[in-house]
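Read through the structures below before going on.
Paired with subunit B in one complex and with subunit C in the other, subunit A is shared by the two complexes that follow.
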Partner chain A sequence: MESIELIEKLSNTPGISGDERKVRELLKDEIKEYAEKIMTDPLGNLIALKGMEKKGPRIMLNAHMDEVGLIIDHINKDGFLQFKKIGGIDDRVLLGKRVLIGEKEIRGVIGAKAIHLQEVDERKKSIKSTELYIDIGAKDMEEAESMVPRGSFATFDTKFEEITENKFIGKAFDDRLGCAIIVDLLRQNYNVPIIALFSTQEEIGLRGAAVGAHQYTPDVAITIEGTISNDLPEVPDHLKCSKLGRGPVITVKDRGVITDNELRGKLISTAKQNKIPYQFKQVIAGGTDSYRIQTTKKGVKVLTVAVPVRYLHSPVSLFFKDDYINTFKLLNKFLKKF
Partner chain B sequence: MNQKLIEELTNVHAATSEESELHSLITKELSNYVDEIKTLKNGSIYVLKKGKPGKYNLMLDAHLDEVALFVTGMTEEGFLRVHTKSIDLKVLPGSIVCVHGEQEFKGIIGLKPYHLESEEETKKAVPIDKLFVDCGMDKESVEKLIPIGSTVTFMSGFSHLNKLISNKSLDDRVGVYTIIEVFKSLKRKLPLINIIGHFSSQEEITGLGAITSTYTLKPDFAIAIDATFGASPNESERKTYKMGKGPVIFIGPSSDRIINKKLFAVADKFNLTLQQEIGILSGTDATEIQLVGGGIPVGIISIPLRYMHTPTEVIDPTDVDKTVNLLSLFIEEIDDLFLEALYGEH
Partner chain C sequence: MENLIKKLVYAFGPSSKENSVKKIIKEEILKEVDEVYEDNFGNLVGHIKGPNESLMLAAHMDQIGVMVTNIDKNGFLRVGSIGGLHKSLLVGQKILFEGGVEGFVYYEDKESPWEVKDQKLEKFYVDIGATSRTSAKKLVQIGTEGIYKPSFYVNGTRITAPALDDRIGCAVAIQLLKTLRRKKVKYDLYVVFTVQEEIGIKGAKVSSYDITPDIGIALDVTDAGDTPESPAISLALGKGPAIKIMDAGMIASKRIRTLLIDTAKKNNIPYQLEVITGGSTDAAAIQITKTGVESAAVSISTRYIHTPGETLDMTDVENAVKLLKKFIEK
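Now for the complex of A and B:
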């Protein structure tokens, strides 16, 4: 399937907030046949236009290109690297993981103390990220610096794959799944002008989207995300946020946005008419670029729709192909209505 | 170092009690170099190279098995519950594992989003009874395909870190590799004594291979080759050994003085650098081997290895080469004087 190949490429490409270049180049290449105009703004956002001469409301499709990761901020005398986190990463997922660092994708591992040498209480406590080291096999500080200059970004060294029928694992599904859906939607033809905004720096404060809708301000914007699926053991039903396999996740309210009531109603009736499963985001947490877009200039009507993803912001996440397809279908049918 | 071989050895999954996949790899590597190869019922495999006159037997030992988790049950949703004692639970969340059920499955050890947990909770390591493996399967498929008791190992991820090498299960595939290369080097000069290469099962949990094979093979003396703690910023200097500074000789009650003396003499003669690990019991197969039958003199040679029992163990290949060299020279230097000393004292 074409979309899966695209998701694989997007997932395997590094693009930490602040350095989305490789993802941007990949997307540019993917959409060049379908968009009439493609440009980049000072924040690094990628903007693509299609059918701007058409009548009807201008619709923005938005997904962010960046992913969470690490930035190297210190190298000790023995050549071990220390880092700051970029975006919300749980300290507990870092230990014992492989990372790729900098332009040259230098390999490193986040080393863990041998269990044999740990005191009983050490075994029970989680370790703060500020106390972790990345080992790149350098013999001292000088060699480490020559391999990995301070300020290099590190991403998880995780390869995309199908682990069982239609279940895929990889990194950065938040929000490369959204990026892939927009590419799939740009391949279609609609009666309205489409503005695609692939934004930067979402994970560190929705920063790219703060300016991304300035030049081409839409009437309606749909932010497409990978969102938390917390359908895990011992989680009460009302805290599951969303569930794998139950279709696109529609946001009513999150930390920054109440989505447009009328448009949301239209989206839900589209799902019902076409017998597409859908679910509501249950936990009022997190925020998306739609907050920034909603408050652009005089204001924009917004919707947020997402593919449920387990283990977001960790070295490896999981999604179900049916959810991706149903999210695409719902948005496609919705856009056809205009 | 033959990097292709160490990559092949570490890519194989051999949880404690499921070591057989390594048997064929060892057989393929050594069939042209030895007089005998045999797998044993305990999951071990041994090779024999006859010496001349071959009055005594030396057993070189390294363990085949790697640390693992065991499936203990499943949840209503089809997530697996697991158990382990040999793995630091803190390295598990966010990792990919291989589940060895009716066939091999990949799974994720997942973690709940931290903003849905209390701050208190995130300060603790996730306890084993809260951890689960997500293979993306429902309960029905899991019940059919992943029986309780199935083993779970770390996903392989062989990588070069500059000049160092990282992967799962370098503990103790570096030992397995060392013995394979020592046997290849015996071509240079026929040894005075018979050399047995014993690749043992179940070191990480029960010591079964070391105990029962040693009884069968009846070596006169033995040397275990295993991994020890490599220096890193996580560990105190006193408890670790430097990477790239050569093999580590264990000094203490569980190693034999005469064997150690000979190892140092060989190192002296050929200008090799050795490190010393001072301890009581070594935590290797040697501890078990020493107590088999009427008692067996043992030596322990270890290779410094960082981040032991994690998916990202790290070694310096030059340490492995130096260990191969030390052992090959040790075998060549075995003479009547040494054998007399060994048997005079015991």
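Now for the complex of A and C:
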């Protein structure tokens, strides 16, 4: 299926906040047939326009291109790389993982002291990211520096794959799933002007979107995300946030916005009319680009719709194809209504 | 004015659901201004046209509250907060949901059923008398908003009610418009009743972009420091409206705050100077609009902000109206 191939490409491409070039190039290539104008702004946002001459409300489709990752800030004399985290990453998921570093995608592994040498107490504690290092097999600082310049970004070395029928694992589903849905939506035709905003630096403070809606300010903006599913054993129902397999996740409120009450109603009735399953985000957590877009200039009505994903911001996340398809369907039907 | 305040605090208006408040205000100010309009974001604007500098007054219509996030199989609700809710004060309160359903907040703890040990919102639930998920869903949905059940009482000059933050600012603005002599207004005056202040000062931000005033003044509540062992805040109830110097979001324009102080002195209106380090108001967003707006704020000292027992002194409210009237009239 076309969408899955696109998601695979997007997931496998590195694009840490501030270093989104490869994702941008890929997306540009994917949308060039469907958008009438494509541009990149000074913050690196990719903006595409379609049908701007049409009447009716201008609708922005927004997803962020960046993913969480690491940045190399120091190389020690033995050739090991020290790093800082970019975006929210749980220290406990880092140890023992493979990473790809810099433009040349140098392979490395995140290491720490071997278990054989640890004291009993040490084994019980999780190691802080500041005590971990990346090993690229360099013999000393000089060799390491020639392979990986300081300031290089590192991404998890995770290959996209189908683990069981229609269920996929990979990295950066937050928010490459949103990017893929926008590409799929741009392939369709609607009666309203569409502004696609593929934003940068979302994970480090919604920075791309802070300016991304300024030049082409929409009336309505829909932020499309991969969002938190905490539907794990032992988690009480009200803390699961969202569940895999239950369809698109509609946000009423997160930490950034209360989405537009009227438009949300219209979205829900679209789902009901078309018998598309949907669910609400059930924990008020996280924030998205919609926070920035909502208060651009005289104000924008916002909605947030997401594909539920388990293990966000970790080296391996998981989603169901059905949820992706239903999210696309809902948005497609919704946009057809205008 | 008491009746006006009572009407305003009884209106249902958590952030993003300000319509009932808006309706009351619209009726109150319709005859007092040259035009009334609602912008695309939901702010209500009363405009008195004038030739000179433009002045934007802002008072927010919204109040803090809760939102239903989950309904369990037995019909109990879980809620999240809208704005800066003091979670530890929530247990034992009555909540009024949109549509009129009432609920009582309690908490789950097998070990300690009478004393809240774990002050986490995720441990709290609301009982609306539903017997199942199905019966609950007839009354509320996920996303339904709720507020502290409105109440209002007066003891002498003191008023206690939830949502005085910031219905009192709205009341000051309305009363001001009622007493202003329109011909004497020296500014191009926009009185903006803003939305979504409690969840990030949003209405004021987009409204001031739209209006782009020369001067902005917010009308809001501020903390009082006159209760037993209260933090060191030099504001007290009944000592006059507070002219803001600084809060966590802004330092007020020296020119405007001096003008306000001079106006108070000249007219023998009592006033206090406000310096607080927590919380902010609409003026913080107005100040940094486009190329910048000279901004200030006139506040009403209020005890127990963001609780059901918000308490203030009516003389401060009346003096705030006087001060603003003198500031605005020739």
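Keep in mind that, in the parts below, the second predicted complex is superposed on the first by the 337 of 338 C-alpha atoms of A that agree within 3 Å, B and C clash if a C-alpha of one lies under 4 Å from a C-alpha of the other, contacts with A are read in each partner's own complex, and residues count from 1 in each chain.
We adopt the following convention: a residue touches a chain if its C-beta (ideal position, glycine included) is under 8 Å from a C-beta of that chain, and two chains touch if they have at least 3 such contacts.
Quick caveat: nothing in here was measured; it's all calculated off a predicted structure.
Engineer: Based on the shared subunit A superposition, would you classify subunit B and subunit C as clashing or fitting together?
Structural biologist: Fit: subunit B and subunit C sit side by side once superposed on subunit A.
Engineer: If you stack the two complexes on chain A, which partner ends up touching A:238: first (subunit B), second (subunit C), both, or neither?
Structural biologist: second
Engineer: Answer with first, second, both or neither: which of subunit B and subunit C does A:258 touch in the superposed model?
Structural biologist: Touch status of A:258: second partner only.
Engineer: Is subunit A touched at more residues by subunit B or by subunit C?
Structural biologist: The partner making contact with more of subunit A's residues is B.
Engineer: So, does A:275 touch the first partner subunit B, the second partner subunit C, both, or neither?
Structural biologist: Neither partner.
Engineer: Just to be sure I read the superposition right, which of the two partners does A:158 touch: subunit B = first, subunit C = second, or both, or neither?
Structural biologist: first
Engineer: Contact-wise, after the overlay, does A:284 reach subunit B, subunit C, both or neither (first, second, both, neither)?
Structural biologist: second
Engineer: Based on the superposed arrangement, let me know which partner A:126 touches: subunit B (first), subunit C (second), both, or neither?
Structural biologist: It touches subunit B, and subunit C stays clear.
Engineer: Of the partners subunit B and subunit C, which touch A:92 in the superposed model: first, second, both, neither?
Structural biologist: The first partner, subunit B, only.
Engineer: How wide is the angle at subunit A between subunit B and subunit C, using CA centres, rounded to the nearest 10°?
Structural biologist: About 130 degrees, rounded to the nearest 10.
Engineer: Give one of first, second, both or neither to describe whether A:55 is in contact with subunit B, with subunit C, with both, or with none.
Structural biologist: The answer is neither, since A:55 touches no partner chain.
Engineer: Looking at subunit B versus subunit C in the superposed three-chain picture, what is their shortest Cα distance in Å?
Structural biologist: Closest C-alpha pair between subunit B and subunit C: 10 Å.
Engineer: So subunit A touches subunit B in one structure and subunit C in the other; where do those two contact lists coincide?
Structural biologist: Touching subunit B and subunit C on subunit A: residues 239, 283.
Engineer: Any idea which subunit A residues touch subunit B in the complex?
Structural biologist: For this pair, the touching residues of subunit A are 76, 78, 80, 88, 90-98, 107-118, 123-127, 133, 135-139, 143, 147, 157-158, 161, 163-164, 167, 169, 228, 230-235, 239, 241, 283, 285-286, 310-316, 318, 320.
Engineer: In their shared complex, at which residues does subunit A touch subunit C?
Structural biologist: Answer in residue numbers: 219, 237-239, 252-253, 256-258, 261, 264, 280, 282-284, 291, 294-295, 297-299, 301.
Engineer: In the complex formed with subunit A, which residues of subunit B make contact?
Structural biologist: Touch residues, subunit B against subunit A: 75, 77, 79, 86-91, 93-96, 105-108, 110-116, 122-127, 130, 132, 134-137, 141, 157, 159-164, 166, 229, 232-236, 239, 244, 283, 306-312, 314.
Engineer: Across the complex, what residues on subunit C touch subunit A?
Structural biologist: Listed in rising order, the residues of subunit C that touch subunit A are 15-17, 39-41, 67, 69-70, 72, 78, 80-82, 122, 142-143, 196, 199-200, 202, 205-206, 209-210.
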